[in-house]
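In what follows, structures are represented as structure tokens.
The two complexes that follow have chain A in common; it is paired with chain B in the first and with chain C in the second.
Right, the complex of A and B next:
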């Protein structure tokens, strides 16, 4: 029977809802803010024409990067290893602390509003400052070397992992939680057996991601005296040894790439 | 024994899911609750282990008030009541054995269970529970690799691992095909008879209810509208519970043993 196609049974199709005026207002505001930020009078004076015209000016400096001075390579082994060690220690401590902290930052595992808000608040404060500023503060507190770098990275890692993981915890399947509740388990047991197995692959993935970020970040941290390969970057930059700089950059690139390959492989096995 | 004394549940939205229910369920009974969805079947079952808090009256489990129980007492009560769910509620990313061991959490102690160092006796009880539902060979398989019927049997094993006096089953076969439904219902019936565990099951297929329900409770709009044996429950009774004439959708139909007897 196809009688209902046109006659009595068919309900009328709804009219397309009108676009909300807020869409136009939002687009307008976006354009105004962009102009304000870039303009000559109010903003930073961003000018595309000037960028294009001066594009070739950096070429002479870039040329100094080549050919890379490979004889410099052996001098970077020690600092690169230090960077690696800093990243390992900071990742283990940071991700270890982030695990319980992220359970306290989700209403699913922490129904107590006061604890939840306190934990979220602390995490927001930690995330508000960039790692480089932490490094500056810690360098002035405990002196130059890898220790302030590790301390800065630990805070950075807690901020990142706890944020991502607590949002993952928000989205877990509530069924197993109901099951542990019904079996008379307490909250700790519920988190351990109903929630943790569900978020474990994500936790590992976030930890590997943070480890990668640490390798990259410690290159920058060294500039303020917080240890690792960044110290070398700072030195060669000051003496304009760009052929040495390119060796360091290539080395970091290869290193991060290898870590990325390993973490892809690990994630695939775990999820 | 479980006793409802004028028990009522009103949800925050104002929905009265349970209205003044008074009901006694003696030890060892196999009781089936029928009714349309939204009639309050799930609420009735969850009021017994306090997963849904009462807003009026009380439920007594072996003489202990569920409504007045402190969190610790409530966990104590719950540890004696196994629960089986429509969607199984297994942790799919871990082994079958770990899922069944969730039934041993209450007695395991927080520190031990946190580290996963279960006592050998707990593991033994979990294994025996798996044997009882005939699925022990899957103990170390990831739960996600099981079929629906197998998952529900793991769910039953998890409830059994609590060594419960009561089992609550909330639509245990609603996600399963008809033959598997009968396997699971027969498992529940066998457990009820062999271990003398009070078994309370929500079902929406009437023929299943008649076959497996020693006693049938009918619910409509949060109220008890029928209480009798499966044999007494004829079509007229079900029409009354459902408030409409019955259709083929209300029967599972396929290969229901002895279903025609009514």
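Right, the complex of A and C next:
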């Protein structure tokens, strides 16, 4: 033992630990996938030289955004208001539906394995499709306008809120649940008096958060014909009216910013 | 006097609820106003179940899933995945230095604030707007240009979120190794490489994977505006009312997304928690930053 210590030497560094084979496999897989995805033959043909060439061309197009054509602004008030209303209606329906759905997606409140798994499965499927693709399908099903937009947002909201809230329910303090059990409460009473009061502040916070997301999302839903300010984006981009486009963009920015400020203030007050 | 009265009662009086009442009434008013003034006719709502039922029938039930269209749907989905992958790499590569500079403990207060504001501005523009407004006009559509516009839109938007999350993680590091690297005479770049990066890389790589999951959804959307991928196929199917094809495409999107979420989620847990970490349940779709602010507390409390 003393021999091995002395052979290490006083100034010698300890040997570097060997890389795990998993690290090497991961790096190899990353390189292969990247080459495959970016290559001309199998992938999207991504080329850095082309990016640089295009960016120099892009400057002249971006210059057309300025100055913004402010005379276009009054035409956007109505659609912007519609975007806001869509977000309000979709939030209230989506968050309302998400409440019971989240209780069904947690083992704490839903001991029945079949119901729990079915609910989780449905939620996973709902969340796999993005809101704009729902809007695309709903526009085909029920026609253009705010209605398909609201429906798409509702599904999107159920996915987000149910995910966040069911995880909150998973983590509640079991004390009050035991107390209602001990007092002879049934499952509904347990949820109402032991679980709901614990998760209510989070639920309100998630709902406000989802409302913010809705404002952003509903601003672009109109691109597929689902109502709101996105309709204007679509029209303007077809006619290459970039000076009008910059007015719409600035308006969306300001609007989203104001909604966020209000939402943050409300969250502080209520939660 | 009122205190005496409550003392005699078995229960304490409920706390005043004026604020709650006002909030509830305001909310009800807002919802009613929105619902009553929005441009939707009642009979369209009444015809809703019929319309939805019909499209569902024609998508999935009329002829069953259209397996002959499966190869094309899969090819579109693969293009979306490639767009998301390359876009995520662009975002990751560009966001890492920006995130480091955006952290208060790495750069000064003024510089980090300025970088954070830039990142916020980038984050505020959704991918689809970036594609419609910036990259499609620049790059054009058709052929490989479509995928190219989508990749750039996703890459640039990802810089915003990834940069912000990177800066937040870097601000939370243990200052010890940084001081040690400095005391040993390390140059600024060496301090970053040996003092900061080893502490933050696992979390940042997990964010990159997570962003890839989000970007898959984003790139599926981008085809709708002509920026490549499976959304393009879905849009065409909808325009020509080929609902059987649309049904197949939707099945492919859902299955591929769930599969990749599962694989990526497992990898992320392994990266963060090391080997032996078990998969507990499905992963989160929304921003981890929000979960860290609100829901995360609950999660860590239960663990």
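The rule we apply is simple: the second predicted complex is superposed on the first by the 242 of 271 C-alpha atoms of A that agree within 3 Å, B and C clash if a C-alpha of one lies under 4 Å from a C-alpha of the other, contacts with A are read in each partner's own complex, and residues count from 1 in each chain.
Rule of thumb we're sticking to: a residue touches a chain if its C-beta (ideal position, glycine included) is under 8 Å from a C-beta of that chain, and two chains touch if they have at least 3 such contacts.
Treat the numbers as computed from the prediction; the structure is a model and nothing was measured.
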item: Touching partner for A:112 - first (chain B), second (chain C), both, neither; value: neither
item: Touching partner for A:53 - first (chain B), second (chain C), both, neither; value: neither
item: Between chain B and chain C, more extensive residue contact with chain A; value: C
item: Chain B versus chain C as contact partner of A:120, first or second or both or neither; value: second
item: Partner chain in contact with A:179 - chain B first, chain C second, else both or neither; value: first
item: Which of chain B and chain C A:71 touches, first, second, both or neither; value: neither
item: Partner chain(s) touched by A:193 [first = chain B, second = chain C, both, neither]; value: first
item: Contacts of A:86 with chain B and chain C, given as first, second, both or neither; value: second
item: Residues of chain A defined as touching chain B within the complex; value: 175-176, 178-186, 188-189, 192-194, 197-198, 200-201
item: Interfacial residue positions of chain A with respect to chain C in the complex; value: 33-34, 36-38, 40, 43-46, 50-51, 54-55, 57-58, 61-62, 82, 84-86, 88-89, 92, 120, 124-125, 127-130, 132-133, 136-143, 145-147, 150, 159-160, 163-164, 167-168, 170-172, 202, 205-206, 209, 216-217, 219-220, 223-224, 227, 233, 237, 240, 242, 245, 249, 253, 256, 269-270
item: Chain A partner contacts - residues on chain C that touch it in the complex; value: 19, 23, 27, 30-31, 33-35, 37-40, 44-45, 47-48, 51-52, 54-55, 79, 81-83, 85-86, 89, 124-126, 128-129, 132-134, 137-139, 144, 147-148, 151-152, 217-218, 220-221, 224-225, 228, 231, 234-235, 238, 241, 243, 246, 250, 253-254, 257-258, 261, 281-282, 284-286, 290-291, 294-295, 298-299, 301-302
item: Touching residues on chain B, where the partner in the complex is chain A; value: 49, 51, 75-83, 85, 87-91, 93-94, 98, 101-103, 105-106, 108, 110, 113-114, 158-159, 162, 168
